Amino acid sequence: MKKLINDPLKVADELVEGLVDAYNGECKFVGSRSIVKNDIPDNKVALLVGGGSGHEPIYHGLVGRNLADGAACGDIFAAPPPNIVFEATEAVDKGNGVLYLYGNYAGDVMNFDLGAELSEDEDIDVRTVLIWDDVCSAPPTEKDKRRGIAGLVPIVKLAGAASQTASTLDELEAAAKKAVLCTRSVGVSMSPGSIPATGKPTFDIDEDKIGLGMGIHGEPGVAEIPMTTADELTVQMLDLIVADFEKDEEVETLKEGDEILLFVNSLGATTMMELLIALRKAKAYWTEKGIKIYDVMVGPLVTCQEMSGISFSVTRMDDELKGYWEMPCQSVCFSKMEGRYGG
Amino acid sequence: MGKETLSINETRDMMLAVADKIIESEPILTDADRALGDGDHGVGMERGMNAVKEALANQEFPSVGKVFMGVGMAMMSSMGGASGAIFGTLFRSGGKALGDAETFDGAGVATFFKEGVEGVMKRGGAKPGDKTMVDALAPAADKAGEVADLPVCEALSAVADAAEAGKEASKDMIATMGRAKTLGENSRGKADAGACSVAIIVAAMRDFAA
Amino acid sequence: MKKLINDPLKVADELVEGLVDAYNGECKFVGSRSIVKNDIPDNKVALLVGGGSGHEPIYHGLVGRNLADGAACGDIFAAPPPNIVFEATEAVDKGNGVLYLYGNYAGDVMNFDLGAELSEDEDIDVRTVLIWDDVCSAPPTEKDKRRGIAGLVPIVKLAGAASQTASTLDELEAAAKKAVLCTRSVGVSMSPGSIPATGKPTFDIDEDKIGLGMGIHGEPGVAEIPMTTADELTVQMLDLIVADFEKDEEVETLKEGDEILLFVNSLGATTMMELLIALRKAKAYWTEKGIKIYDVMVGPLVTCQEMSGISFSVTRMDDELKGYWEMPCQSVCFSKMEGRYGG
Amino acid sequence: MGKETLSINETRDMMLAVADKIIESEPILTDADRALGDGDHGVGMERGMNAVKEALANQEFPSVGKVFMGVGMAMMSSMGGASGAIFGTLFRSGGKALGDAETFDGAGVATFFKEGVEGVMKRGGAKPGDKTMVDALAPAADKAGEVADLPVCEALSAVADAAEAGKEASKDMIATMGRAKTLGENSRGKADAGACSVAIIVAAMRDFAA
């Protein structure tokens, strides 16, 4: 693996510096390794995201207009330490509290919780909503064991919009929880990414196998299946999402007439060509079920270096979420004009 | 002749010795985590202990507890990830429980490990048997409770043996937490990386006090 | 290489179908393999892009709001045949002419020229502006031999905005020519992509070499250099851009006080992490020269399957181009809100 | 005994035979392009010739020229890329020049190749010596001019020899156009893929008329 880097031990610091440069004055570097918007209005209920680096453009690429106010950035594939969470919290807080919205990984939960304790010591009101969209990581009765994967992009987009109008932390928390509850993802992986510091692959998988339901670092899913066609795999993956809405007693089954936001993500090496071919099948799949695609996102937004793999995320939309969606937004991760495609 | 108690500065120097020992053991820890995890525990602990050395060297502390809390804070903020939180919590919780004591004795050892392991279990949710550093730490804490009346040198010696035995026992366990749970039955036969760190830390404490 | 596809010979057709699905009703599939917007206003001067497939999200991902009106899509790495160019031309023409804006490759020029002949036979007014931003493919005195690489994204963005207000084909042609003249790129590659139909790599390069100035299929550049750091490589690449502005008698030298649009592109496998690290150095480079970064684009927009490599594109901005830039736009390739970062 | 002239339907059947021959030769063309180019010339020509078969089979044409123009259109629109334009132009330009002739004779062969190579050179800008299909096509056209008075079978036989010789001569050239120019001096020693196609096409025409 030829990587264009300088010092393998400094990649996380340097990439966050570069990210701040990409924002060209709209964001600043804060504390040890956080990125925070410059123009957060007084009294805004703040939205903070974060997690390990190396998955660019997430998580820190989700800071932006009508998106997150800041991000606490960890080292490669490692949760940000509590002081970084605290420094980011202090910087985004405008007196009306801070919502932490991040993927459910043990390391992240421990460090964000510690960061929350430090922040509360400074009288900052902090609330946490965990993202656990990966339906293959635990059954619907054990959602607290589920991982956060690509669904965090639409969820943060929706919460970012909600944070523009929310007048209390309670309100923003409720909106974010709704976005989480309505979003489900399934991912697969076909080959590993590598850790810049060691150059070593993050996991092993046979040349002719696909890890169905595998997480974004190679965590196990529901099965290892033989390499197959884009169309067959798409159906298998979407069936798992449909089944989860069915089995989960907290949400209604997906049914004819429902509207969904569809996100097709690449884990890195899987090309846009492949995403679009899979998207084509997904469109046919939902159309056949009478489920309407409200809007579409596609691209390599949640990655793990040069890992190959794809995920589908589905968010069931209602009027509240549609309102959040239609707001324009702008970031290195995801930008859009007002409205939606075909709308 | 081993030490009866440790002063604040001796406690600080003991932790500097621990730091050197962990840095020296980086390859062992890397190998352990490579076998069962993602291979970064060695460099993570090395980074943490370099931060510890920076935080402790030539510093004066008002109490023994503050020394340990400084260790915890340095690890927590330099390492990140699960293990930064876990090891940071061990030293912060253990140190906090020591109050403003100005010496580290057998009773202090007992308090430190008891509160340390409780903090870790509360923070990370791991129980003994999950094949984590708790499997070295919990037996260490139990033993520390039993030997609270002994001089610090003897107490730490007994606790180090217990940590070592706990680490060895972790070889037979199946991982249920963290990355290694991927391996299921295949995780048997090797010791947990974090448990190795605990055993090395306590052994270095013993060697200093001896 | 595990690729998620169905039939290797149908990837181009299927991916364009998927692209149309991604636009969710905003665009339609036209003729043999074109994508065209549904709502092109009467009398709009139309903008048509196109080229070989396999470089997704370009070229066809540049169709969208305030961007191109349509794209003629070729097979993988092959120019679209004349009938596809003609079908796209007919579909985007609203009576006020069509500007062809595409990369300068022999196959594309031949086929678009043939398509133009077919279109002119149907009394459609067609004009062509070629994109030749790759400064490493020929000296400034032989710009007609230069290739089009990643610079085509900002160029099409600017021309797409210009096409919203242009009242004649002449006007749009002039704006597009200006965008081309102001845009220069340098690319490197470190490892090849593969052709889906054969699974074969598109070129070979040593494990420890970088192809400096290499084109997006592996065409030769100015040198093969040893693998180096992100910072060193960034400086070498930007020096080539600066030198080109200097040597080219058609444009002024880049000087203190100038404002540039900076685009850092990945050819596919090179990660956002690496792009951001290089961007960090680029920002320092331009700042040191007193050249102001007006706005920034970053991401894998001009790719060649899983090829690894990076390119920098620089567009010198003036008031006219700034006006075009600040317009919002929306497409699968590149979206933005009104304005600019830090603006 | 070879044919004096070809009728419209015979011309069509000749081109169907050419199509089969090219399809059969796909591996040869693939290898030639793999050596010097990107390896897709074989599949490209195969796709083009399958389209030719679809466009010609059981179709009636008003003139010989329209048969060739149909071939050109089918190749151009199914192949895309540089070679679709180049080979499409060869057949379209050559066919167009034949006007509404209802037979294909030695003079027709001369006209077809003369206008064909001119169209190709105008479209693609390649000159003889650039190591492209022009290096088989240009000598073929020159020879066709010399043998315009012969029966079509004899004319095509002479032209096929010239194309073959031109293809062989391309081995010694250095590529200056297209992908192979990457190779510079290393492109020497192998024949150009497009020149191979031209030689195969003209040989198949000769075999049909013989």
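We call the chains A, B, C and D, going by the order they appear; numbering starts again at 1 in every chain.
Note that contacts are C-beta pairs under 8 Å (C-beta built on N, C-alpha and C of every residue); 3 or more make two chains touch, one makes a residue touch a chain.
For clarity, every value in this text was computed on a predicted model and none was experimentally measured.
Using the average of C-alpha coordinates as each chain's centre, B ends up farthest from chain C.
Centre-to-centre separation of chain A and chain C, using mean CA positions: 28 Å. A separation of 55 Å divides the Cα centre of chain B from that of chain C. With centres set at the average Cα position, the gap from chain B to chain D is 79 Å. Centre-to-centre spacing of chain A and chain B amounts to 34 Å, using the average Cα coordinate of each chain. Contact with two or more other chains is made by no residue of chain A. Residue positions of chain D touching 2 or more other chains: none. Taken together, the touching pairs link the chains end to end in a line with two free ends. Every pair of chains meeting the contact definition is listed here: A-B, A-C, C-D. Of all the residues in chain C, the ones that touch chain D in their complex are 32, 52, 74-75, 77-84, 106-107, 110-111, 113-114, 195, 197-198, 200, 202-203, 217-220. Within the complex, the chain D residues that touch chain C are 34, 38-40, 43-44, 76-86, 88-89, 123-125, 177-179, 182. By the touch criterion stated above, chain A contacts chain C in their complex at residues 2-6, 11, 14-19, 21-26, 53-54, 56-57, 61, 65, 190-191, 196, 207-208, 210, 227, 229-231, 233, 268-280, 282-283, 293, 295-296, 298-300, 303, 305-306, 308, 310, 328-330, 332, 335-337, 340-342.
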